[in-house]
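Note that the chains are named A, B and C in the order they appear, and that numbering of residues resets to 1 at the start of each chain.
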Amino acid sequence: MINKFLKGLTTAVALGAFAFAAVPAQADVLDDIKERGVLRVGVKADYKPYGFRDTSGAIIGIEPDLAQDVADKLGVAVEFIPVVSSNRMQFLEQGKVDLMIATMTDKPDRRKVVSIVDPNYYSSGTNILAAKSFGFTAWEDLRGKPVCGIQGAFYNKKTGRDFGANIVAFKGTAEAYAALQAGNCVGFVYDDSSIIASLAQPQWSDYEMPLPTIDDAPWGLAVKLGEEGFNTLMSEMIVEWHKSGRILELETKWGVENTPFATAMNAKYQ
Amino acid sequence: MEAIYEWFRLLYDNTGINLPFIYDSYDRGRMISGFFMTVKLSVLCLVLSVIIGMAGAWLQNSPLKWTRRIVNGYIQLFRNTPPLVQLYFFYFAIGTMLPKVTNDWGGQEPILGGFAWAVISLSFFAGAYNVEIFRSGLEAVPDSTVEAAEALGFSRFHIYKDITLPLAIRVALPALNNNLVNLVKTTTLAYAIAVPEMLYEANQIWSDNVNVTEMMVFMLLVYFVLVGVLVWGMNRWERALKIPGFGA
Amino acid sequence: MNKTNPKIMPVMMAPRARATDPIRLKAWHGAALAAFVVLVSIPAFAQADGARDSVFTALARWMPLLLKGFIFNVVISISAMAIGTLAGAALGLGQISLSSWVRKTSWFVTQFFRNAPWLVLLFFAMFLLPFELRIGGIIIPLPDYLKAIIGLSLPVMANVSEIVRGAVVSLPSGQWEAAESLAFTRTQVLWRIILPQCVKRMLPPWMNLYSILTMATVLASIVGVSEVMTLTGQVLAAEGGRTDLLLPIYSTVLLMFFIYCYPIARLTLRLEKKFAVKT
């Protein structure tokens, strides 16, 4: 009886919500880009070396370089729109960016919201940056302790829920690094690739990446849901990047050690 | 209870209206703790900022030139810079310079954490406005009242505490009311230094579930209720303090 | 507001400090703040070694970018103020309309936007407005700074509405009655008699509101607009998490706002005093 009532109520609300639901546009974004002459790409601007600013304010890094390749292929100019983890999917959904190359981990629930392109272009896992003096060895060691993170990162929930850490999430990496150095948290949960890049710098000499990397997951670049044409084109581009060793070349250019994923993908497509 | 949770889950499956802070126990826990954090932050800042306002208004009338200058400098500095930048300045710049204490797990942590800095920073921000509000209230107290008290041999502090301040509060209440409502709304800024208040938790939830719209509408409703409760309480206080023939 | 009773007997009084004038503060405050920035940078300057350059060089290198960001804040504040004032004036007049339906709706809208946190309204505008509007065949793009302007102009609108209503209500009702007895229509009374007198009363709170709005523009950083706070975070990221830069860089941002907002605050106070005598 109660179930029947609940179902009826749900249907009523569903009908109401349907009236508000937007009808997605079916136009091909590729035509729009060519007509506009500009490809708008959402990239990170606080994620050295994948996307960051130079002194003139321009956004540079590995991902902006990849975006430039796409624009060159389409024969249009490129415009970088800085995104953060907590707004990047919304920007793509709204159509504010045509393409998102913003260090986003490929997750099944994200595939429901945006159209992630196969194969994956990059990969990283989750680890923490922590002072050597703590001597952490397992994720469970974090239980009950404050751990810095980035707002909108998927592993916050896991670190908080499964390992019992007390997540202290900031808007950007600068705030998180500063809070870590100040001792506001015992570690910074982040992508291992970026942590390795940080550890190469002198100010992090007393820090380490002590835990086993978890969730080694590929990064997905994404287009808006339903943009099949663009998705196919990007898929060909990614295969080309792996085949030609472009990703490896960019890693070297921006001072990152060649990652196992990029090396393996390069070998696979040879 | 379970039936209600189940209904909201069904609502999501059927309509896409996603309210995980009702049906998901982890998100529900986050939301509830965020709500209480906001309440705690608001109450502490309200009390502290009113104390700062009263003390500041007293010091502003000090016979010492430099005391007055410092109070005025404080007011101008806090009124003419963004509270968000103040918060960053306190937390990241001042916070890292203070001595550290050893915590339970052997690490060195700053003596004041995010919550403490949020309380300090927001109280001083609202306090700067409160000083001005109390000052204008003090100016409304007739000079003859103060003179009468002086003739009766009251000390300067006694006159302030027992005569001018109680009268000034009554005049200042409407403006104070307004400023305190602003303060409750400003507590959302604590989000930027990762104090797990309501907006912060809402952001965590919408990051995990991609349901910005629902969370935003919910946030607005909760803040209306909070502000409404405060306004109601302040109005009651105003009525309780009312002296016939004094104040508006 | 000082009410002195002339009939009171003069009595011997202990010397009492006059209520100090809060605009007594002079330009030396800015100078003191600048000196403070320099002072706090000195220890960091001393630490600078060969591997990374001094705080001063780093700050100087990023200064043009930060200033560009700050100008963007000013642009956002002016635009949001313009939109908010126009909409708010209309809403404020709606609040004193003769039609009770218009009056109630305007009151509700005003209260709604006045009582919502600015940050929440900004999130609303950011995530819920479309990225472009299609009206007929014309496409109007809505870049995120425009959304931030809209998001910030909503609370401005509500506050201006209250300022307008408050100013009109504050005029003695005799003004209305006198004008009506001279056979002015309601519109004429409003536009020719009431509103011109209100402008003076509205100016100080309006400027105060502008100051508050300017300081609220940094909230746009939380939703990702490239204004000065966003850039500050990105500069710190590009410098690779140097903690010695934190204090000087945040002091610089504070200083920028102080230099811009303080003269406005002084002017507001002066106007307040000037107009207070006449009315």
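As a working rule, a contact is a pair of C-beta atoms (placed from the backbone, for glycine too) under 8 Å apart; a residue touches a chain by one contact, two chains touch by 3 or more.
Fair warning: this is a prediction, and the values are worked out from it, not measured in the lab.
The touch graph of the protein chains shown is complete.
By the count of C-beta pairs in contact, the leading chain pair is B-C.
A straight line joining the Cα centres of chain A and chain C is 36 Å long. A straight line joining the Cα centres of chain B and chain C is 19 Å long.
Multi-chain contact residues, meaning those touching two or more other chains, occur in chain A at positions 90, 171, 175, 178, 181-182. Residue positions of chain C touching 2 or more other chains: 127, 221-222, 243, 246.
Residues of chain B in contact with at least two other chains: 92, 96, 192, 212. Chain C makes touch with chain B in their complex at residues 1-5, 8, 11-17, 19-20, 22, 24-25, 29, 32-33, 115-120, 123-124, 127-128, 211, 214-219, 221-222, 229, 243, 246-247, 250-251, 253-254, 257-258, 261-262, 265. Remark: chain A residues 45-48, 52-57, 82-84, 87, 90-91, 94-96, 171-175, 177-178, 181-182, 198, 201-204 touch chain C in the complex. On the side of chain A, the complex with chain B involves touching residues 2, 6-7, 9-11, 13-14, 17-18, 21, 85-86, 89-90, 109, 113, 131, 133-134, 145, 148, 151-154, 156-157, 161, 167-171, 175, 178-179, 181-184, 186.
Remark: chain B residues 60-63, 68-69, 72-73, 75-77, 79-86, 88-89, 92-94, 96-97, 132, 135-136, 138-140, 142-144, 146-147, 150-151, 156, 181, 185-186, 188-189, 191-192, 199, 212-213, 216, 219-220, 223-224, 227-228 touch chain C in the complex.
Residues 3, 6-7, 10-11, 14-17, 26, 92, 95-96, 100, 105-110, 113-114, 192-194, 200, 203-204, 206-208, 210, 212 of chain B are the ones that touch chain A when the two sit in their complex.
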